[in-house]
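First chain A sits with chain B, and in the next complex the same chain sits with chain C.
And now, the complex of A and B:
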C-alpha cells in the first residue's frame, strides 16, 4: 500500500515535470529558430527604415511601416477593448452578483466570442467596413481587432474578479459603499494583477493576429499618418515575405517575427513590473 | 444659516431621545431561502450600549440574523426577508432611506478580517471619505484617533503606507474594527470575530469590546460559551432558526428554562 503510493507519487512527479519542462523547451526552441533564421536580416536598418523600391526583391529598406502599423493597431484596439471590457467585467461581478443565470449566460457568450476564429472577425470587419463606407484603414483594423480582443479582456479579468471572496464585498458594502464605489475603488484594485494579465493577453493576441487585419487594415509601405489610411502590420509582413522565392526576403520574414516577439516580450515585462510595483504598495 | 443650525440641533436632540431605549427592535422576522426557512418568527429587542450575545450551535441562523440587520441579505437573491427590523426607529426593511446610510449605522466585523486592497491608512480613510469628509487634516486626525481606539496606532504609525495585508491576522481584525468605527456607527455587528484569531489577539478584541460598549451597542455572535459568559450583558439563545430563550446572562446560564439550552450549556464547550 505505502509502496505503491510512493511509486504513484514518483511517476506523477516525473510526468508532470516532463510536461512542464517540455513546454519551456518548445518555447525556447521557437524563439531560437526565429532568431537564428532571421539573424542575418535582423539589422538596425530593418527596424528604422520603411521599404524602399525593390525591397521585396531583396532591395534596401526595413519594416518600420509594419512595426508602427502593428503598434498603432494593437494599442488602439487594446485601449478600446479596455474601455469596453473593464467596466463589463466589473458589471458582471458587481451588478450581476445576485443573478447567477444571467452571469453564466453572458460568460457563455463571451467564451463563444473568444473561440471564434479571427478570420471570421476579419470577414465581419470587412463587411462592416464596406457597410460604413470605409476603406481598408488603420481605423477599420483597430475596430476589428478591438472586437477580437474585447472578450479576452472581459473574461480574463472576470475570472479573477469572480474569485474575490464574498466577505470583501460584504465588508465594503457594510462601510456604506455604493456598488459603483465597490467596483472601482475596491474590486478593480483587488483584481488589478488579473486586469494586467487580461490586457497583456489581449494585446498579444491583437498584435500577433494576421487574419483580422488582412482585409481591414490593408497594407502599405508608408507609415500611416491618418486614421483613414491603410496600415501595414508585422504578421502580414511575415506572411508576405515568407512566401517569397528569394532567400534574403524569407530571412527578413523571420527577422520581422523576431521583432514582433521582442515587442510582445517588452510590453509584457514592463506591464508585469508595473503591476508588481502597484501591488506592492496596495495589496501585497 | 441660523435656521439650518437650529434644525440640526433639534434633529440631534430628537435622535438622542429616540435612541435612548432599545436601539434595535425586531418583530416577526422571517428569512426564507429557496427550499427552507432559515429564520422563524424572530422577536428581539437589543439594549443600547450593552453587549448582546447571539448564542447557538452553528447553522442555527446567527449570521443570517446579523446580515438581515444591515441588509447584506440583499446580496443573496435566494433570500426573502419579511417582518420589521427597527434600527433607531427606522424600519429598515420598508424604509425609503438609501441603503448605504442605513449600513453606516452599523460597523461589521466578520469571522475573519477582509482588509481593503489598499494601505493601512487608506483602509481607515476610505469610510471617512464615504461620509463626505474631504479635509486632509481632519482625515489624518480621525485615522489616528480610530487606530488608537483599537490600540493599533503604536504598532503601525511608522508603516501607514504599507498594504493592510502586511499586518498579522490579529492586527488586521483590529484594523477592520477601526475601519468600521471610523464611519461613526451606533452599533457594532460582530460575527464570531475571534474565531480565526490566536488567544492573545482574541483577548485584545474582547477587551476592546468591553471598553467600546460605553459608546456603542454591540451585537456579538459566538458559539463559544465561555466567550459569551465573559462578555454578555444580554443573551439571545438561538436554535434551528428560532430564538429559544433570551435574557440576562445570569438567568440564562444559571437557570435555563428549555431543554435545548440545558443541553447546549452542557455540551457546547
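And now, the complex of A and C:
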C-alpha cells in the first residue's frame, strides 16, 4: 500500500516535470524554426525595399511596405486605445472606488470583450467600414485594431491600479485634491509601470494580429502615404506570401516572420523590464 | 485657481466617463452590427436549417453552416484533449513541486508563448507539423495525406492554447491557502495525495473555468488554424482529412463575398454565430471565476 502511494507520487512528479520542460522545448523549437528559416532569407534588401513586380509573383525586393504598414497601424491604434483606455481605467479606480458591484460588473464585461476573437472584430470593422463609406485603408485598419486592443489596455492597467492601497486614496483626498488630480497625479504615477506594460502588451497584440486587418487594411506593394490608402501588414505579408508558388516570394514570408518575431520579443521583454523597474519605486 | 481646478476636474471626469461608456457599448454595437448584416440571410433561410444543413453552395443560395461548425468543434476538441493534460500537469509542477526559481524562468516563457502572433504559429505549423503528419504520423497508420488536416490544426491550436490556460490554472492554484495542504500533510497524506485530494479538489471550479475559456479561445482562433487545416468543405470523422473551421470560412472568402448575393450576409452570420458562442462561453465561465473570487 505504502509502496504504491510512493510510486504514484514519483510517476506524477516526473510526468508533470516533463510537461513543464516540454513547454520550454516547444517555445525554443518554434523560435528556432522561425529564426533559422527567417535569417536565411533576411537580407538588408528585405528590410529597406518594397516588393517589385507584385507581392505574389515578383521575386525581387523586400517587405518594407509591410513593416511600415504594421508600424503605422499598431502605433495609430495604440494611441487611440490610450486616449480611450487610460481614462476608463482611471475612472474605474477613482470614481467607482466605492461601487464594488459596478466595478466588478464592468471588469466582467471587459474580460468578456477581451475574449472575443479578432476575426469577429475584423468582420465588425468591415461592416463599420461599409457603413461609414470607407475603403480598405490605413484608417479602417487602425480603427479596427483600436477596438481590439482597447479592452486589453483597460484591463491590464486596471489590474495594477486596483492594487494601490486604499490609504493612498484617502490621504490624497484628505489633502484637498480633486478627483482628477487624484487620478492623474497620484494613481497614474503609482500605476505607471502597469500603464507602460498595458500599452506594450496592446501594441504587441496589435502589430501581430492578422484577422482583424484582413478585411479592413487591405494589402498593397506600396508604403501608404495617406490615411485613406490601403496598407500592407507583416502578419498578412507572411500569410499571403507563404502561399505563393515562387520560392523567392516564400523567402520574403519567412523574413517577415523573423522580423515580426523580433518585434514581438523586443516588446514583450521591454514590458517585463519596465514592470520590474517601476515596481521597485512604488509604495506597495 | 480653484475655478480652474474645478473646471479641469469636471472636464476630465466627463472624458473618463465617455470613454468608459464607449468601451462598454462596443459589444452591443458589434452584436447589433453583425446581426443587422445577417438579417437578409435569416429572411432567406430559417436559423435551424442554417446551422444544421451541410449544403454549402453560395452560388445556388444554399448556406449550410454545419460543415464549418463541425470543423471548428473537431479542431477545438483535438486541441483541448492535447492541451488540457499538459496544462494541468505543468501547473501542478510549477506551483507544487518546483522551486520558485523555476517559476521565475517559466513566467517569461509562458508570456512569450502567449504573445507570439498566430501567423507565427501558422508558419511553424506549415514547416513542422504538416510535414510531420504527412511523412511520419499518417504513414504509420497507412494513410496518405498532404498533412494539411484537422489534426494539424488541432496540434497547432493546442500549442497556442497552452500558455493561455496554464496562466489561469497557475493563478487558481496560487489562491489555495498553504494551510489546507499542510493540514492534509500533517494527517499523514503523501505529497501527491494532498495535491490530488486537496489542492485540485479545492480549485476544481477554477480549473473548469480555465478549461472553458481555453476552449472559447481555441474556437475563435483564425489564422494559424486556417494555414494548416486544409480548408475543404466536408464533414469527415477522420482527423487526417482536411476540415474547414468557421473562422477560416470568414477569413478566406472576404474577397469574393460582395460578388455573390447573400454571401456577405452569410459570412457576417458566421461572425455573428462565432461571437455569440464565444461570448456565451466567456460570460458563463468568467461568472464562475468571479463567484469563486468573492467567496
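Quick note on the criterion: the second predicted complex is superposed on the first by the 229 of 284 C-alpha atoms of A that agree within 3 Å, B and C clash if a C-alpha of one lies under 4 Å from a C-alpha of the other, contacts with A are read in each partner's own complex, and residues count from 1 in each chain.
We take it that a residue touches a chain if its C-beta (ideal position, glycine included) is under 8 Å from a C-beta of that chain, and two chains touch if they have at least 3 such contacts.
Because the structure is predicted, anything quoted here is derived from the model rather than measured.
Engineer: Would you sort A:276 into first (chain B), second (chain C), both or neither based on which partner it touches?
Structural biologist: neither
Engineer: Counting only touches as set out at the top, which of chain B and chain C does A:24 meet: first, second, both, neither?
Structural biologist: In the superposition, A:24 contacts chain C only.
Engineer: Could you tell me if A:98 is touching chain B, chain C, both of them or neither one (first, second, both, neither)?
Structural biologist: Only chain B; A:98 stays clear of chain C.
Engineer: Name the contact category of A:15: first (chain B only), second (chain C only), both, or neither.
Structural biologist: A:15: touches chain C, not chain B.
Engineer: For A:108, using the defined touch cut-off, is the partner it touches chain B, chain C, both, or neither? Pick first, second, both or neither.
Structural biologist: After superposing on A, A:108 lies in contact with chain C but is clear of chain B.
Engineer: So, A:172: does it touch chain B (first), chain C (second), both, or neither?
Structural biologist: first
Engineer: In the overlay, answer first, second, both or neither for which of chain B and chain C A:186 touches.
Structural biologist: First partner only.
Engineer: Give one of first, second, both or neither to describe whether A:123 is in contact with chain B, with chain C, with both, or with none.
Structural biologist: A:123: touches chain C, not chain B.
Engineer: Would you mind listing the overlap between the chain B footprint and the chain C footprint on chain A?
Structural biologist: 178, 181
Engineer: Quick check on the complex: what are the chain A residues that touch chain B?
Structural biologist: Going by the criterion above, the answer is residues 97-100, 165-178, 181, 185-186, 189-190, 192, 280-284.
Engineer: Once bound in the complex, which stretches of chain B touch chain A?
Structural biologist: 67, 70, 72, 74-77, 100-101, 103-104, 106-108, 110-112, 114, 116-119, 126-127, 130-131, 161, 163, 165-166, 176, 179-180, 183, 189
Engineer: Provide the residue numbers of chain A that touch chain C in the complex, in ascending order.
Structural biologist: For chain A paired with chain C, touching residues are 5-6, 8-9, 12-13, 15-20, 22-24, 26-27, 29-30, 33-34, 37, 83-85, 87-88, 90-92, 94-95, 104, 106, 108-113, 115-124, 126-128, 131, 147, 150-151, 154, 178-181, 183-184, 201, 204-205, 207-211, 214-215, 235, 238-239, 242, 253-254, 257, 260-261, 264-265, 267-269, 272.
Engineer: Give the list of chain C residues in touch with chain A in this complex.
Structural biologist: 5-6, 8-9, 12-13, 15-17, 19-20, 22-24, 26-27, 29-30, 33-34, 36-37, 85-86, 89-90, 92-94, 97-98, 102, 105-106, 108-113, 115-124, 126-128, 159, 162-163, 166, 190-193, 195, 213, 216-217, 219-223, 227, 247, 250-251, 254, 267-268, 270-271, 274-275, 278-279, 282-283, 286-287, 290
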